[in-house]
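Shared between the two complexes below is chain A, which has chain B as its partner in the first and chain C in the second.
And then the complex of A and B:
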């Protein structure tokens, strides 16, 4: 088993899990269906193709930079005819950075890495209008579990975000990991993809487990220096 | 030797006046000693440094052979009612230094080199401006000063050249001020080094701590202090 680590950073991201009709909400962190869809697109799979191998990957996210919620009152018109599309309300996560990990067989993870290097369909962050601002592929961890790999990865928040927290030498980041049986009662989210077929899209419930937060070094921390500690008393 | 700490009340005009001119601050520090400090090159001298930990937390550190009296600074730029300065004996620490010890250190210095642009030109003292050159300036001096900057384990490097050592270079400042009676302004580039070191030669380090490192010692450069890691 190895872990494929992805970096999801962009000015806007949108990870819907429950939306219906004209109000398109977003979760605060990437959904499994969104990331599996991104990987399937990179592999060049059509919507109707089988995705059970990808859906079986174990999925986890680390929130490196939470970002802010952005609401868009969306009044689009058809490009050619000028006909108005239904007015909708769309939500985005702005200025966020996430590290996502998928754990699976070595061969599959390697295939996914190659697919991300030369994607067939372009990757986007939950919605077609949200391009990534950094390379998506981060790293492959061969000898670590999903949680451990996410804990070990350095902090990928933007420099300005790191500087904002420069009084903290290490920073705690929230982890959202796909639950296993022994994790006991957990939150659930309907984002376990079964089929992306446009005529028959189906998602199952997935347990989301929050293990203790990951602690990472803040490279922008302000050095503290008190020479009087060495002199014995103050 | 004594190490002194004084906290500026940065809301006061006097503090701002002093902090804006290394020339004035140098004079104010020299007047903290009733006996004029000896200026022969071989012995310990008065060194000082400003630590700007945050806007409201600005410290002046002075290392000096004699105890300073900072009453005038407190009256002009401190808290006359509630704040004073602290002076601690530096000797116990200086005599405790042993080979192999590791310490955290901070140094504000004026890293320069002498260069000429063409072969005919005389050499000119020129500031190091790049991060890498500023780091090398300290790394070149460490052996003579009796310490080595510790190296980071390879997996913690954030950058293959700039992050090899337990050392950060920050707070670069360009100082421009005129000296009374002189038309040409003084210009200086100062940077602050923060890092961890290992003692290799206690005597040499003791000298570096009491006599200072590099140039512009009158203007708040060259004082290195140690702290527990």
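And then the complex of A and C:
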């Protein structure tokens, strides 16, 4: 087994799990269906194709830079009369950085790495108008499980964000991991993809487990202020 | 096979303006790099780009996105057979579209009350905006006339007819449908995946929205004993910005969406070349029309980089994650933005080992964009477009 680590960063991202019709909300972090969709698109799978191999990957996310919620108001107009059609609201996560991991067989993970280097369908962060601002592929961890890999990965927040927390030498980051039976009662999210077929789009509930936060080093931390070092050792 | 992905990057400065506003009239914004930026949504600029096509392409190569699709089709039906009354043509059109798309075409409830008020009955409409190409509408009109001529009330119930209607609605896509996609909720199998990806434009610097208080004078209030106050007062919100604009086109998907193209007498690469050229021209020169007569913000991009890649597109928005600062002496963001764009492009390509030898073209205006000469020699827009178009056609030939 190995873990493929992905970096999801951009001015805007949108990861819907429940939305329909005129109000298109986003979760605060990438959904499994969104990330599996991105990987399936990179491989060039059509929406009607089987995705069970990808859906079986174990999924986890680390929140490196949470970003802010953005509400966008969207109208459409009649081509001829200019009359407004019903308005819709779309929500985005602005200015966020996430590290996502998928754990699976070595060969599949390697295939996914190659697909991300030359994706068949162009990747986007949950919505087509949200292109990534950094390369998505980060790393492959061969000798670690999903949680461990997410804990080990250096902090990918933007420099300004790291500086804002410069009083913290290490920073605690939230982890959202696909739950396993022994995790007990957990939150659930309807984002376990079963089929992306537009005629039969289906998602199952997925347990989301929050293990202890990952602790990462803040490279922008202020050096420790110790006036006694200036005096020399006694 | 040569994979072809087109990238368009542009820096465009707009003076006080309100290109794209939210439901409170405030120009749209987003936080990026920890600071607030001006934002113009992708939907807004895509529509402007689509409108721009009308000056560049023949109507037969374009589509119409409307809920009044039945009226549009009825016009074509009546052109083919003038003996069909308007009311009958509407019904016939509604039935044909319903067969092709599975979507209910009905007289909207708010309209149906108007029946018999002298103005005749209202036309049926679809429940959402429907995007059909001129060729698809022509094909459906022919089918409708055939149905009418057959005198058979159950004409559209036939399985073969149903399949044919669907085929007509799913072949010969127009340039705008091939680029921007189509979503028909009731018949997802005839949806079209967009070949173009347009990002929200954001400013390269911090922006605070400003508010303009205005008074309007009543021209006729001239006598001294009249009330001396303003005729009306109000506020308009605006900002000014140097925007980073980015779009990518999957040229291979565009080719698949367009199919063999709309004309018999041209080489197979021609529809793709024409669509790519129209996209670059219209994306770069169009502008959302929001409050344009209030602000007169008719500008063009100062700096443009177009690239063709063979693996994946790269947005350069991260070049501006750290916001540009206006020079305290001279002001302006363009110089710093152009330098940031070019150095980020160079570094990201070197760092990830991509882009060596990928063709790039540059269009630049003014001294502040000199940094772009490191990417390529500047070309005027028509030459740039022709060069990109020729290279796209060459690569399609190879593919």
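Everything that follows uses one rule, which is that the second predicted complex is superposed on the first by the 217 of 234 C-alpha atoms of A that agree within 3 Å, B and C clash if a C-alpha of one lies under 4 Å from a C-alpha of the other, contacts with A are read in each partner's own complex, and residues count from 1 in each chain.
Just so we're on the same page, a residue touches a chain if its C-beta (ideal position, glycine included) is under 8 Å from a C-beta of that chain, and two chains touch if they have at least 3 such contacts.
If you're wondering where the values come from, they're calculated on a predicted model, not measured in any experiment.
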Contacts for A:199 in the overlay, against chain B (first) and chain C (second): which applies, first, second, both or neither?
second
Just chain B (first), just chain C (second), both, or neither: which does A:226 touch?
first
Report the partner of chain A that touches more of its residues: chain B or chain C.
C
By the touch definition above, which chain A residues appear in both interfaces, chain B in one complex and chain C in the other?
none
Within the complex, which stretch of chain A touches chain B?
154, 217, 219, 222-234
In the complex with chain A, residue positions of chain B that touch it
3, 5, 51, 53, 61, 86, 88-90, 92-93, 103-106, 156, 158, 168, 170, 194, 225-228
So in the complex, the part of chain C that touches chain A is made up of which residues?
3, 5, 22-23, 28, 30-34, 37, 41-43, 64-68, 128-129, 188-189, 191, 193-194, 197-200, 202, 246, 248, 250, 253, 310-315, 317-318, 321-322, 348, 352
Using the touch rule from the top, collect the residues of chain A that touch chain C in their complex.
9-12, 67-68, 70, 72-74, 76, 78-81, 85, 87, 92, 94-95, 116-119, 121-124, 128-135, 158-161, 164, 198-199
